[in-house]
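Each in structure tokens, the structures are laid out below.
First chain A sits with chain B, and in the next complex the same chain sits with chain C.
Here is the complex of A and B:
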């Protein structure tokens, strides 16, 4: 018998593929915000020609890739594990003959696959067709970009897994998720390019996993800096976060008490 | 008579949220910073440029302060309207239709997220600071404008959201489409409309009247003409726009309710 993980990945893909209207509505939102954000960045960049290495096409590309990546990376809105901890359903998950973290990661990768096809490509194509766009100059960039997006999803999964796992201690993770919802977009380089931040903020962020979510894949696509170095950093964070997640899950499961009934 | 019922409903919702003070305080703080982070973004932008769309940092902060206060007030009073899809899906909306009270009023009072005062506080703080530090030429008309602008802006936003969320009567999951209007309006009203292209700008002046939430009142307060040459009368016409928007939203909502046929399961 096949391991369950590839099948979970397919299931993750299918789950999202069945909501076509929601996908369309989400796309519309991404595009509206893309237009607004592109206007702000364009207003900044056209005044000076280039700002911290971003000319007009680079900023436009930055905005539309970011808008496309929102759903792929899934910064907000994942509370599944926390809900299952609160309701006690997590006991069933832990009792199944699988590795819970690996199973959830497989499902999430399937979800991300659906998002790449239907939520990343259309806004990116919209931006590329209607605005000045910076295409990669080297063919290898496409491969590196794909790898970087994949790693961004794993890093994001790692962060979301840890946030959700705090439910083992807190039960109600709304506060934790709310704080992440506020700061996540800014710290990861979704809202503004991190290169525009003051030097001290950039120096601090370099030592966090947050840029790996948005800034890294976009940098790889627009060929800013050394792509291999960027990918290596993402990989290190992905591994560290997954290991941290395993430790936290083991500890949390150890203190899990489920009310009978 | 009906008003008394609404007051009692809203009062009970508020008391229920204050029952867990620590959790409530944390939520308020999160809302405060959620609104504040937008200001951080504006300030980061101004580390790179000295003007944006022809406006200085202090002037953009004034626009942001007006927009944020209006958004907070609107979110506090009609933010609940974004739950409409849930009420339709679960069939709870059918229950509302049976009660002898207005559907919209019932929906809005079904839950009052008092934590959103955090947003209002952030907006008021920025607005107050901005009005105090900008060297404005105060006239009686401007004083009245400064006090009423956030409320009028909130009415414009509230009307826009009600109309946008009414799409859920036609679409099964219209939440995301409506969200692009709700949260899009928070973002778009915080900047001078001069940064948007002509197409988006016309849209914000005449279709989704976001420009009247903060941009035009801010011009009137600053006493500067519109850089794009739009007539000065527009700067003082937000209350009129608010009245038109409310009428429009009522019409859309009523049509939606008439069209509504239930989810059928």
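Here is the complex of A and C:
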């Protein structure tokens, strides 16, 4: 028998692996939207030549990696903890001899592993085979990219955990999640490369964790900027967000009112 | 003592921001439970049973008062306590919805760091006693309620807890499933290494499993005693049903009998008697002096009647 947290990671993977049709449907959606986005960006870049360092292959690569990373990073749709607080099922989670945040992180990493295999690699391969693609020039980039994706998942988990933990105070987090759904994609560089933003916006975003979600791993893959510096920033955000999550959870659990008898 | 509480109290704020009021769910619960006991924790809806249980398991912070469970402070030492107790909430699930049942057990074993050999032994035993072999590989979401509850109880026992807390474990189950669960729990408790604390509205659960009953209402302990003692103290009347060889007029005037109902044209008579005033044996003898008996049976007052009397008091 494995130690608890690795076992939870496996369970996180297995949980998603049990829904094959949903995986396929999601994959198809990602690819269709990828085609649309690739067409739009290609139109812009072919008209203007290079935009902020993005030529055609770099733009295409940016789109397909981004499409693949959506599910890996799970930008939207994680309301599990909030739902459990709302229904009171969180008593079960708090009544287990584990570190709840670590347990949820382990489960989320397992989920992300499934997403890398089935939601990141296929669209990326699809884009790489059918479009001009910018492959890494240095072999080490592959390792750095893997690490950056891992950190992006942790940063995303940290943000989602905080959003969800607000349920200890708000009970209903739909509003919070909806706002995040709108701003998250834009600020993290999913919608457009952050390099295309005005200089002041880029300057502000540099001090937020959002670029660490999408822009960072894509930059590492396409070898824009200093990869080690990007990874270091991601790491700092990952640690800060996890620590903030622990504090919030401890406070939230202390004022917990268990719903539903 | 495995559970010890002193003047445990918990208040909640309810209502909207503009109209808040303070509700006391548990006002004053002082309770001790010894190792190996099986205690039925009864009370009407809203009496404070679940709130008390959540304070005992450390997930809810008491407003005031003290609690110690397994020698630990439930809130401050919640994780350590979680290793030593098992909890089953009849209305919630601790299994992983999307995974086969056995994988939930594996996870549970891992989380509790149960040594592999002991885990196997314990699991095999539960699988056999609860007849779960047929659906171990079925995802939890596809299990029937009865199957799932057997899984819930197993999960709560895999780490050999000292105390098993069951919050309405038989809710929604059919009679067969209830009976299977009760006989399993009674066997587990009879071995003496698990203390049971059980809340339920299903009084046969209590009858089958618990020697001692604690009744709470409006956040206070109303009654705390052995079930047999309560029976004597509060019980309504026992009923002796006599079947006669020949029809006879109502058997009036026997000592201790408070009411007589005649059925089947006088061939069957129901004699209600007060437990303190006479015994079933004396009464049967008295009846036999008057008429020829074919058969007799004695009905105990139901625990439902008993609890109703206590609530009304």
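The working rule: the second predicted complex is superposed on the first by the 256 of 261 C-alpha atoms of A that agree within 3 Å, B and C clash if a C-alpha of one lies under 4 Å from a C-alpha of the other, contacts with A are read in each partner's own complex, and residues count from 1 in each chain.
Assume a residue touches a chain if its C-beta (ideal position, glycine included) is under 8 Å from a C-beta of that chain, and two chains touch if they have at least 3 such contacts.
Because the structure is a prediction, the values reported are computed rather than measured.
When the shared chain is aligned, chain B comes close enough to touch A:43, but chain C does not. In the superposition on chain A, contact of A:178 is made with chain B only, not with chain C. In the superposed model, A:191 lies in contact with chain B only, and not with chain C. By the touch criterion defined above, A:19 reaches both chain B and chain C. Of the two partner chains placed by the overlay, neither chain B nor chain C lies in contact with A:226.
Judged by the touch definition given at the top, the superposed model places A:7 against chain C, while chain B stays out of reach. Of the two partners chain B and chain C, more chain A residues are in touch with B. Legend: residue contacts after superposition of the two complexes on their common chain; A:97 is shown touching chain C, with no touch to chain B.
Residue overlap on chain A between its contacts with chain B in one complex and with chain C in the other: 19. Residues of chain A that touch chain C in their complex: 1-4, 7-8, 11, 14-15, 18-19, 88-89, 91-92, 94-98, 103, 253-254, 256-258, 260-261. Residue ranges on chain A touching chain B, taken from their complex, read 19, 21-22, 25-26, 28-29, 32-33, 35-37, 39-40, 42-44, 47-48, 51-52, 172, 174-175, 178-179, 181-183, 186, 191-192, 196-198. Interface residues of chain B, counted against chain A in their complex, comprise 23, 26-27, 30, 33-34, 37, 40-41, 44-45, 47-49, 51-53, 171-177, 179-180, 183-184, 187-188, 191, 194-197, 200.
Only residues 12, 45, 50, 54, 57-61, 78-80, 82-83, 87, 89, 91-94, 96, 98-99, 103, 106-107, 109-114, 116, 119, 139 of chain C touch chain A when the two sit together in their complex.
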